[in-house]
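For reference, chains read A, B, C, D, E and F in written order, and residue numbers begin at 1 within each chain.
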Amino acid sequence: MTRKVAVFRTAHFNAAHRLNVPQWTDEQNKAYFGLCNNANYHGHNYELEVKVVGAVDEVSGYVIDMKVLKTFIDEEVIEAFDHKNLNLDVPDFASLNPSAENIVWVIWEKLRKRIDNQFELSVRLYETPRNFVEFNGK
Amino acid sequence: MTRKVAVFRTAHFNAAHRLNVPQWTDEQNKAYFGLCNNANYHGHNYELEVKVVGAVDEVSGYVIDMKVLKTFIDEEVIEAFDHKNLNLDVPDFASLNPSAENIVWVIWEKLRKRIDNQFELSVRLYETPRNFVEFNGK
Amino acid sequence: MTRKVAVFRTAHFNAAHRLNVPQWTDEQNKAYFGLCNNANYHGHNYELEVKVVGAVDEVSGYVIDMKVLKTFIDEEVIEAFDHKNLNLDVPDFASLNPSAENIVWVIWEKLRKRIDNQFELSVRLYETPRNFVEFNGK
Amino acid sequence: MTRKVAVFRTAHFNAAHRLNVPQWTDEQNKAYFGLCNNANYHGHNYELEVKVVGAVDEVSGYVIDMKVLKTFIDEEVIEAFDHKNLNLDVPDFASLNPSAENIVWVIWEKLRKRIDNQFELSVRLYETPRNFVEFNGK
Amino acid sequence: MTRKVAVFRTAHFNAAHRLNVPQWTDEQNKAYFGLCNNANYHGHNYELEVKVVGAVDEVSGYVIDMKVLKTFIDEEVIEAFDHKNLNLDVPDFASLNPSAENIVWVIWEKLRKRIDNQFELSVRLYETPRNFVEFNGK
Amino acid sequence: MTRKVAVFRTAHFNAAHRLNVPQWTDEQNKAYFGLCNNANYHGHNYELEVKVVGAVDEVSGYVIDMKVLKTFIDEEVIEAFDHKNLNLDVPDFASLNPSAENIVWVIWEKLRKRIDNQFELSVRLYETPRNFVEFNGK
């Protein structure tokens, strides 16, 4: 009898960013993104919640080893994003606006490559406790 | 390539209410709703979590402008409910028992009228950190 | 060797109230208290944090039995305030404006009578996660 | 017009456990479960979130009486698990490794027997704020 | 009979910063501040907790009008710091390293000028949920 | 001009324990400690908050290097207590009842030895979000 359980692991990183669309004028960017367009950047404590759904192994009682999942998150996300300027230091955002929607997508893509396809993957990203996003690959 | 992302925005309001079914006797109401039936009302810090699911705009990197979503929530919910008595001050509950289940439905209806139909809408309402409800229109 | 340790116990109650000074006119009350003056009341999930400081008993390792402290809080505060209208249902506020500052004082007085004078007592009361008060008897 | 609303109720219990697979050697268990395999046990403040989905009763405005749901949780989970050693004191784990995935499954089974089949049931269990699991019966 | 009560009001701002001492070499700065020295900045969701201690007014039941206190915080701190780069956009940090210790001091000085001297003032600043600081003017 | 700032650093550990006084009979222990006396142990996610008060260094802007403080906490507390049975695995509690009051005292003593005496030290320990203790060495 196979049971599917979702397991969640959290992590966090602190980063600077600004929202800006290069093909728009400064006025357009300022009008659309407001304070988030500040040329000198602002920043957040991003809180990450990674959800992996799969069958529970009947011997170990695990869906996936959380220590292994933590290593994937550390290597793919924390080392790349923590204490960085997303616009300047992270190549993924060289030409992609680092909105929460785009950041969660980039994180999902990075983790998807490391997590076996037998597992479903969903990622939630808190930009602040009041604004957050979720992507499940669809 | 279209990606669908869920974006969440939180808000809060403080309100008084009582649970009471007019067609029941006082004894029936007291027996069923217990302390929540107190004739002089009690109250809560309601915490609201609005979820909007839609395609990410490839230029702006937004699903929906959070500032616009915040305006909808402020105009439809906070102005109508904050520092109010739900039973006496909010016409939606003139003949509808303001249970958390009914409040979340009323909020969903109010927001649905303001949010474009290309977006899915779901609303979660915390009456306390221990009791909460969610409605997605189905 | 006597060590003094502070022990904290939390509790919560949900209540309605309004802020109003009877000797002021309606206009004065509305101007000063704003939305909090709503004649039909509003409400909160009040979170209470009771701090008791005393010497650690060398045999039991306790400052005070938390189960006893919980009983004091339940009997003095929760039974009197939970699911009540503070203005109408609680005699302490018959002629005392139920501001957070006054509620925390009333709670402190009620608990002080039950807790042995060898212990210092301080009470913190969260009206919302953004507004809170503290009173230590001085 | 039937509306389906999800209602959530939280609870908590404090328990000791260790992760161990009897058919494995001590070395295998230590290598796989790490610190969680400690022979003398460790423990957690488990936080439980029970989700029940059903139609809102048009008269009462309730999906299910939360006081009844709380009684089910208290009787089935809290009395059985709180301040217990899951491996030694809880028969469900006599031959089942008390991983979070297995605990959430056992809780779901216990609650499913008490909650009418017209309702969907899902259970989330926080082992720590950083590690949690969810099971919905599928 | 005068009672002194502490009232607390919270606020938040999102900002970028880097830790750097101009009179040190790059190597010294990197060695001492580690990732926090990143030349392109990183950022935080700063959470602020302002504590004001004073006598409760016997008529109004207030220590200080929270709406007035909120205005002081908005004008002195949020407008100056929110969605800013502390090093580049905030003159206070032109030659002062924006460590949490220095930020909380600057905030305290700004608020002290606005709050009547009959009140004691203390400020707590969360840089992350895991790192925070407090300053009371001494 | 010397300013004294308090800096706080949090940490957490998961441990099993039981409350028991060897010189008391089983009946006395059960009557006094209730469920916490369970012979097979129960457990908690302990959350630790370490407060260090000292002068801000005018060059670095630090009271104490948080990375150094984190190392002290990891070496003295986390390595000794995390995923352990406090009664069986931690020599400090071989003959000392591991009540929260005694645990916070033991942690304070361990950290006091590592932190320079120019700094004041205070430790808060959450056994659960509802029960916590604080010790400052007096």
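By definition in this document, a contact is a pair of C-beta atoms (placed from the backbone, for glycine too) under 8 Å apart; a residue touches a chain by one contact, two chains touch by 3 or more.
No experiment lies behind these values; they were computed from the predicted model shown.
Chemist: What is the chain whose Cα centroid lies farthest from the Cα centroid of chain A?
Modeler: Measuring from the centre of chain A, the most distant chain centre belongs to C.
Chemist: By the contact definition above, name the pair with the higher C-beta contact count: A-E or B-D.
Modeler: A-E
Chemist: With chain centres taken as the means of their Cα atoms, state the distance from chain C to chain F in Å.
Modeler: 28
Chemist: So, what's the distance in Å between the C-alpha centres of chain C and chain A?
Modeler: Their C-alpha centroids are separated by 41 Å.
Chemist: Considering chain F alone, which of its residues make contact with at least two other chains?
Modeler: 129
Chemist: Just spell out which pairs of chains touch, all of them.
Modeler: Applying the touch criterion to every chain pair yields A-B, A-D, A-E, B-C, B-D, C-E, C-F, D-F, E-F.
Chemist: State the interface residues of chain B toward chain A in the complex, per the touch definition above.
Modeler: 3-10, 56, 59-63, 65-67
Chemist: Using the touch rule from the top, collect the residues of chain A that touch chain E in their complex.
Modeler: Going by the criterion above, the answer is residues 12, 14-17, 35-36, 38, 40-45, 82-85, 88-89, 128-129.
Chemist: Spell out the residues on chain F that touch chain C in their complex, using ranges where they run on.
Modeler: Residues of chain F touching chain C: 19, 21, 23, 32, 34, 96-102, 104-105, 129-135, 138.
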